[in-house]
Structures are given as structure tokens and as C-alpha cells.
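First chain A sits with chain B, and in the next complex the same chain sits with chain C.
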Partner chain A sequence: MGGIEIGTAETVVFWVLGPIALAGALGMVLARNAVHSALFLVNTMLALGVFYVVQEAPFLGAVQIIVYTGAIMILFLFVLMLVGRDSSDSVVETLRGQRVAATVLGIGFAGLVGAGIARATEGMVVTGLEGVQGGEGGAADGNIEAIAGLLFTRYLLAFEVTSALLITAAVGAMVLAHIEREPGSRLTQKERSRARFLTSDHPQTLPGPGVYARANSIAAPGRLPDGSPAEASYATGVEPQVVEELPPGDPAGDGRDPGAGRGHGPDAALGTTRGVTR
Partner chain B sequence: MSLTNYLVLAAILFTVGAVGVLVRRNAIVVFMCIELMLNSVNLTLVTFARSTGTLDGQVIAFFVMVVAAAEVVVGLAIIMSIYRTRRSASVDDANLLKY
Partner chain C sequence: MIEAPDLSLSALSPFLFVFGAALVGVLVESFAPRHVRQPTQVALALVGTVGGFACTLLLAGRGEVTAAGALAVDGAGLFLQATIAGLGALSVLLFAERALDPARSAFVASAAVPAGSPRDRELLTDERVQTEVYPLATFAVGGMMLFVAANDLLVMFIALEVLSLPLYLICGLSRRRRLLSQEAAVKYFLLGAFASAFFLYGLALVYGATGTVQLAGIRQSVTDDGTGTLLVLGLGLLVVGLMFKASVAPFHTWTPDVYQGAPTPVTAFMAACTKVAAFGAILRLLYVAFGTADWTWRPLVYGIAIVSMVVGAVLGLTQTDVKRMLAYSSIAHAGFLLTGVIGLDAGTGSGLAATLFYLLAYGLTTVGAFAVVTLVRDGDGEATALAQWAGLARRSPLTAAIMTFLLLALAGIPLTSGFTGKFAVFRAAIEVGAWPLAVVALVTSAVAGFFYLRLVVLMYFSEPAEDGPSVGVPGLPTTIVLAVTVAATLVLGVVPGSVLDLADGAARLVG
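Moving on, here comes the complex of A and B:
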């Protein structure tokens, strides 16, 4: 049989979308941020969907775009949002040299498989699907009906087993994601409030950092009315920072908090407005 | 241009996905790389279906998509439950079976 010539339009589509798909795949692997990875993968999947349509598989192309980019990737994004966007990769290699080894291995694998495929399929005949899914007077009335014909005859058993697989997956996801809580085990607001007032030294919220301070850094501790730093306002995990209390050269710079015990109002604590008020 | 171009592209995409699985540490990104590998195999199936003039390749690609959807649902649920217990989605942190 002679086969079909591949037209110029398809060639153009391939050479435009092929690099885009490849760039998406590389971007997915290289992107530090997992959300960027997901978006790069969407890009690749859309390009592949167009390839399916071009290759006489319009049904698969539509399913690719709806199921893969529409449903699966959105599921990925949901889970990324649940897990936290900033849970990005660590740069630490658990096995030394593993990244380099994997890359070298990948290049070698791509070279071998690519060259092998290229040689094995050289001059491969394009029979085309006109014979099995041809339109008017053909074997079937288009791609979808031809697929449906196969799906409900030769692949009927596989199709039925798929339904079992899907229900198993749904039940499995529910079981895995479910947290067992006995009824009544959750504390009510009243019980929590009571526990807070009876046991804790701090029924109210802890003082925030930076109250009366000259910096909005979380490391700057809040001040007590006498100007000393409030220890309860120290941020956990951050070294409390000594913040310069008055602008340099201030005549009243006695080391105490400028806002405390003086009659200047709240603006007096700010060095920039101090010169104006005086 | 022949169908070989599609097949070589699919092989390269598969390789990129495999390298991603080996290189990345974030379990979700590893999962995405597996999706990419499944997708590239689908492209191969569709290409061969066109080459041989039968639709079986397309039907198998369809089944691959169904299985991938089910796999993603279960896999992401597993990642969620691991994250809930270990506060991390890194594959290096889940090493309890190591010793």
C-alpha cells in the first residue's frame, strides 16, 4: 500500500508545537516552584492534545484537554495549595552526584531510544485512519463512533474492569484523605475558653512585636510602658533585635523610649516628624 | 517530515519525565513527571494507530487516560496523608522503611 503523504500544514504544526511541548516538559523539571511546574505541564499537555487532533484522533484530543489539563492538573493545583506553595524542593542531594548521574543517564537514554526509534521507523508507511473511521459510506461514521464500536465489542471486558478501577480509586481516595474523629471529641468554644482562662498565664493574646518600636521588623520586640522590651513579644525562632531608639544626634536621647511618658502624642516617637513638632 | 518525528518527540518527553522523577524531591512534582511519561506514551500509541490504520492504539490510549486519572486521585490522597503526618511533601523525608 502506498500510504498517505504528510501535508505541509501538519509539518508546520509539529515544528511549532513540538518545541513548545519540549520546553514545557523541561520547564516542569527545572522550575523551582511547584506551581510553575504544574503550569508548564499544562502547556505540554495542551500541545499534545493538538497533536492528537492533527493525527486523526479528535476524540482523544478533546479528552486530553478536558481530562488532563482540565481535571487532573487542577487536582494537582488543589493539592499544591493544600500542601503549601512554598514546600519547594530542597537543593540538598541525599545521594551525592545523583542529579548529574540522572541527567547523564537521561541524555544517554534519550539518545539510544530516539536513535533506535528513528532507525526502526524510517520510511514507516502512514496508512491513515480513513479506512476505519472514514465518513460517508466508510466503515464507521467518524472517529468517535469507530472508537465506540471497538470499545463496546472487542474491549468490552476492559471497559467494565475500568469501572471497577474507578470506583476503587474513589473509595481509596476517600479512605486515605478521611480523618477519623469520634463524635464529641472536638472541643467546643466554651470548653476552650475555660481551659485558656484556668490554666494559662496569658488568657489574652501575647503582645505583638514592634509596639512602640522604631522598626516594623518582626524581630523588634514590643515595649513595656517603662521602655524595656516585653519578653512575651519575642518572636519564636528569631533573635530579638536591638533597634535604635532615637534618631542620631537627638538632644533628648537618653536611651528611653521617646513615646513613653512624654507629652508629644504618638507622632513624637517618629524621628521624621519630631523635627516638625518642635 | 514523517511519523518518526512524533515518535522521537515522545521518546524525548518520556526521558525528560524519567529524569524529573529521578531528580526532583517534591512528591507532587515527581507525580507530574509520571503524568508526563504517561502522556508521551499516549502520543506514541496514537501515532502508531495512525501508521497501522487501526484504532486499537487510540482505544488503549483512552484506557491509559482512565487509569492515569484513577492513579492521580489515589496518589494525591497518599501525598496528602503523608503530608498530614510528616508536614512535608518531600520524598526524602518519608524514609521510615530505610532501616
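Moving on, here comes the complex of A and C:
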């Protein structure tokens, strides 16, 4: 079997992206934050996509990047964001020594399989796509034709049965996530609005909170024309805030704005200093 | 220009029936009004499974490879497919039982409603049922039938997923003790995904070593080039993935929890059908792909057979719950089945036929045993604690007698199918010189017999508790299941000749 030379560029790509892919995989497992995990996985998948392209499989590389990195990982992120990204692992061990045992066994297993594969592939001649799948209709002729050929001939059954898998997944998602509501168990917009007009004094929206120079929150009630707080604008579940008045103006009342705090400087006018002697 | 592959529709007919019924079931779920769904779904699932069963019987005697070498139609495959379809139909009958639970089903009304919420309590007595279980179970049956006929590791992997995914789902749909059921589903899903990853890794390594995923191609490569490290490593990982599904110790840790948490009809389905499917795939992989290099797997299978028998029998002794006890019994039986797998000797051994017979006998008995478990109930649903079964014979002599008979069959007492099955697999093991394994199997059979008999003694010779469980009067579906399983267990024990001959005649694998 005639071996082929691996070009310098390919070697460089491998040694640059290999560590990145590995770091991404380790980061995915070790990251505490689920979103970081997902992003590490994106990293690894992108690196794998480039590897596929380098290995003369441009179609697979493109699919890897578009489908896995583009679609599936983004869906992962969506789900993580929807579920709440702050749900972190519990550090309580229900089984004593489980983490240590898992780490030791995991590293041991990885070592065993890694050493086995390294031993088995030692001194293997590099053949290239032409040597393995060349010839009429082979992958070396064109990726897309070869994949199409295989999908509709040798892997036809596998391809068809995958549909059962996808249907099961869709049905399963519906079963576990979709709460069926009885028709009529929820009021429509029209019914709600009708009920509001018939029963309440406030068919319109309630007044909003007030806007003040020194308070800007939902707790600050609006004012009625006579200056008293409008009870309808109280936020539910929040204690209404008593808004501090501006310091009164000159009691002498010389016709100037009572709120200006004349003679006490800007600090007093804004109320930022308290207890300033008049 | 792509040449169309040879595709024998007649060979595919069992799958077309089963998957077709499942697909129609999904459509019914979407379009039919709620009150007609339950009867329609039951009918569809029965048509699918019984139709699949009939098709496999019509195909009997065929021996060919179709769908571009991806599907093997042979005696062993058809025998197992018929077993799976038949047991699947019995399980569907158990699913359909409406007379036992006051809420008229073992399945939850709405799986998406959080367990314990006010809405959940409201729905507890609602007659609504999540009828998606029927198409899902039918999909699982289809996946299992494909699993035992897959002549290609890739198809085998996809079939593994097709059979597992619905099972993960329906494990979590129990009406009562919902949190336990959901925990079981999550556990099964996580560990199952892990096992699938092992299988896939093994598949990749085998492909790397031989350049093909077809079992015949692997066999050719093994014969021509011998076995390298890569191939043996791949085989090991494939076996781990399959043994997980067959719940063979030491890959059994999910079994007791999942069997206990899942709704009992689903447990019956899993215990019977999944085991048949997993062993079908194990037999096909080991005999067809690696039959000429049996030194690679024989020590491995030998070892885990012993571990499984010992773990199942010894830990079964300590259980206080009937469903967990039956789970450990299933682990022990997986070990007994592996003694049959060992009994392959260059095509002349009787191991294959013995294992086929054992799978049929064990599947029928297990479905029956779990069907009895669904009958014994108290206010909270099924009464599965062993203590609650005390004095059951006083309350319902018939139920206790049926359970006793099925337990004796599981223990392997003569005149039951269990004895015939055990005799066949042990003889197969001894024929190839694996007598130490047969000795271990006999000893562990005796140990396992103890915990079956303990339940029998409890039922007959204990005083019934004051507030003990009552025995429900089963409706037609469960009655049919009990009648069929008890009759089959008896017939296969007393006059097993014709079925043994059938298994012998079917014991042929193409590839």
C-alpha cells in the first residue's frame, strides 16, 4: 500500500487545532457554568469541522459546522438560557468518595483505551482518500455524490429507520413538555375585557407610578391633582414609598420658586445634604 | 448513476407492519378526539405487534440478506422477532388494562404536569391517559425486531437507539409514585446514553480495524487478517454496550431502580422484550462477526456470566420489594443466558437453539410474573413490599397459586419451562467443555431458588396483615396475559419437544 506524504500545512493545522479541540473537550467537562460548557463544545466542534475539511471531506466539514455548531449548539444555548443558566452542580456527594473513584477510573479507562489505540495504530501507513475510496463513485471523486450513493444504497435501511428515531424524539418532547389545556379553561382576550368593563371600576389601565426628581421607582405612587398619592397607582406587593419632598423654600415667600432652596446652595436645593442649617 | 439496492419488501414486512402501526398511532394522537384515542391506540398497537408476529411466521424458513446487506432474514432472527412481537402484544394488553386502578390506567394523565402540583392531584383520578405510550411502545417493538435482525453494526446502533428512546420515555409515565418513576427514567436515560456511547466507540474502532461495518465483512477480515488490538478493543466496547441493555452484571446498576420505578406493565415489557432483543444482538454479533475468532470473546463472556449469576442471586436475597427482587432475578437469568451463549462450538454446538428457547420461556414467565404484581394493590396503587404479600394465599388462592407457579418456573423447577430452558443452556455449556460454568450456574440457581421460595412461603404460611393489600379483579386484557403465560410456561415445561425442535430448526444465522 503506497503511503502518501502529509504536507507541512496539514501538520501545522493539526498541531494548532488538536490542542484547541482537546482543550475544548476538557473545558466542556470541567466548566462549572453550563453556558461555558456549551461554548467549549462549540469550540471543539469547530475544530473538528476543520479537521474534516483537511481530511478531504469538505461536505462533512461544512455539515459539521452548519448543523452541529450552528444549529444544535445554538439550540443547546437557547435551552440553557430558558431553563436558567445559574443552576450549578451540587457539591454534596451522595455516595462517599464517588468523585475520586470516578476520576481514577476515568483516567484509567482513558489510559487503557488510549494506549491500546496508540499501540494498534503505531507505524500505520498513511493512505489518503484516493487509496481507500478512490475509483468509480468513490469518495475521492466527489464527497457529495459518494455520500448520496451510500445513503441510498448500502445505508438505505439505516437512513429510513432514523426517521423512527426522530419521530420518537419529537413525540417524547411533546409528552414531557406540553401541557394540554382544556378548551375553555382559559379566558380569551375578548372575554377578559368584557369582564373588566362589567365588574370593575377601572376598565382602563391603572395609572402608572409617579415621576419625581428624587425617586424613580415603581414604588413611588403617582399624585392626584390635589397632591395626595393616587392609591390606584400603588404597585401590588410593594410597600408604597413616601417620596421626600424638596426642602421648602424661603418661608418669607418673596414670590420665587419655593423649591429652589434659595440661599443654601445647590446641595440643599437637590436635597443631597441633610440637616443643613437654615 | 446509483444502482438501486435489492430490497425485499416481503422480508421487511414485519417492520412495515410494526412501524406503520406506530406512525398511524402518532397521527391518531394528533387528530382523533380524546375519548376515542385509548381504544384506537390499543387496537392499533395490537394490530402492529400481532401483524408483525404473523409476518415473521409467514417468513419462516427464509435465509437471505437484504437491503444491501443491512438486514439478515434467517431462522434465529425470525424466531427472536416472533418472540419479541408476541411478548410485545402481551405487554400492550397489560398496558391496556383499565379495571385495576381506580383511575383506570397505570399511566399518567398528563406527563408534563409537575408531580405533586395541585393540577397533578386533580388529574390523579382523571380518566385521561397519556395515550402516546402505545405508539411509543410500538416503536420500541420495531426497534427491538430490527436489533435482532441487523446485519450491519450501523443499523444495529440505530435499532438500539430506536428501541431505547421510547423506553426511556415510557418509564417515566407512571400514574402513581411519579417522582420515583421520573427518577427511574432519568437514570435509565443517562446510563443508557453512556452505554450507547460505548457501543458507538466500539463500532468506530471495529470499523477502523476492518474497514467495514457489515458483520459478514468483519468476519471475512477476522478470518483473513486475524485480530489486532484495535479489533479486540472495539469488540470489548461493543459487548459493554450490549450487555448494558441485557442488564448483565457488572453493567446492571440501572436495573433494580428502573424496574421498580417504571409502571409495572412497562417493567414487564422491558424485562421480557429488551432482554430478548439484547441477547439476539449479542448472539448475532458474537457468532456472525466474531464466530471464527471466539477466543477473543469467550473468556470475557465466561467471566461476566459468572459475575452476573452471582450478583443477581446473592443481591436478590436481600431485597424487600417484589419488583426489585424480580429485577435481580432478571440479572441472574442474564447470566444463565450467557452460559448458553458460551455453548457455541464451530456451528455444531446447541448453544444458539438453547438460548433461543430460554429467551422465549423466560420472556413469557416474566411477563406473567409482573402481571401478577399489578393485581396486588392497596390504596396507593401496587403493593410491592414483600411484607405486604404475607398471607396472600388466604385472600386470593388463585393469584397466589399463579404467582407460585411462575416463581417456580423462574427458579427452574421441573415441569415448568424454566427447567427445560436451564437444562438446555447448561447442557450446551457442558458440551463445549465449560462445565465449571455450569457448576456455578447450578449453585447460583439454588441460591436464586431460595428467594423465589421465600416469597412462596410468605404467601402461604404467614398470617395476612390486618390492613394488607387486596387483590384486584383483572379485566379481560390481564386475564388473557395471565392465561397465555401460565399455559405457555406449563406447556413448555411438560411437552417442550415441538418448541425445542422449532428452536433447533431456527438456530441458523446468515451473514
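Everything below uses one rule, namely that the second predicted complex is superposed on the first by the 176 of 278 C-alpha atoms of A that agree within 3 Å, B and C clash if a C-alpha of one lies under 4 Å from a C-alpha of the other, contacts with A are read in each partner's own complex, and residues count from 1 in each chain.
Heads up, the rule we're going with is that a contact is a pair of C-beta atoms (placed from the backbone, for glycine too) under 8 Å apart; a residue touches a chain by one contact, two chains touch by 3 or more.
Note that the structure is a prediction, hence the values are computed from the model and not measured.
Of the two partner chains placed by the overlay, only chain B lies in contact with A:A25; chain C stays clear of it. In the overlay built on the shared chain, the residue A:A158 is in contact with chain B and with chain C. In the superposition on chain A, A:D226 makes contact with neither chain B nor chain C. Contacts of A:I117 after superposition: both chain B and chain C are touched.
Looking at the shared chain after the overlay, A:L48 reaches chain B, while chain C stays out of its contact range. By the touch criterion defined above, A:D201 lies against neither chain B nor chain C after alignment on the C-alpha atoms of chain A. In the superposition on chain A, A:E180 makes contact with chain C only, not with chain B. Common to the chain B and chain C interfaces on chain A are residues 113, 117, 121, 132, 154-155, 158, 162, 165, 168-169, 172, 176-177, 179.
Those residues of chain A that touch chain B in the complex are listed here as 6, 10-11, 14, 18, 21-22, 25-26, 28-29, 34, 37-38, 41, 44-45, 48, 51-52, 55-57, 59-60, 63-64, 67-68, 71-72, 75-76, 79-80, 82-84, 87-90, 94, 98-99, 102-103, 105-107, 109-110, 113-114, 117-118, 121-129, 131-133, 143, 146-147, 150-151, 154-155, 158, 162, 165-166, 168-170, 172-173, 176-177, 179.
Of all the residues in chain B, the ones that touch chain A in their complex are 1-9, 11-20, 22-26, 28-29, 31-33, 35-36, 39-40, 42-43, 46-47, 49-56, 58-59, 61-63, 65-74, 76-81, 83-84, 88-90, 92.
Residues 113, 116-117, 119-121, 132, 148-149, 152-158, 161-162, 164-165, 167-169, 171-172, 174-180 of chain A touch chain C in their complex.
Within the complex formed with chain A, the residues of chain C that make contact are 2-5, 7, 19, 22-23, 26, 29, 67-71, 110-113, 130, 132, 135-136, 139, 142-143, 146, 152, 154-155, 158-159, 161-162, 165-166, 168-169, 172-173, 201, 205, 209, 211, 228-230, 233, 237.
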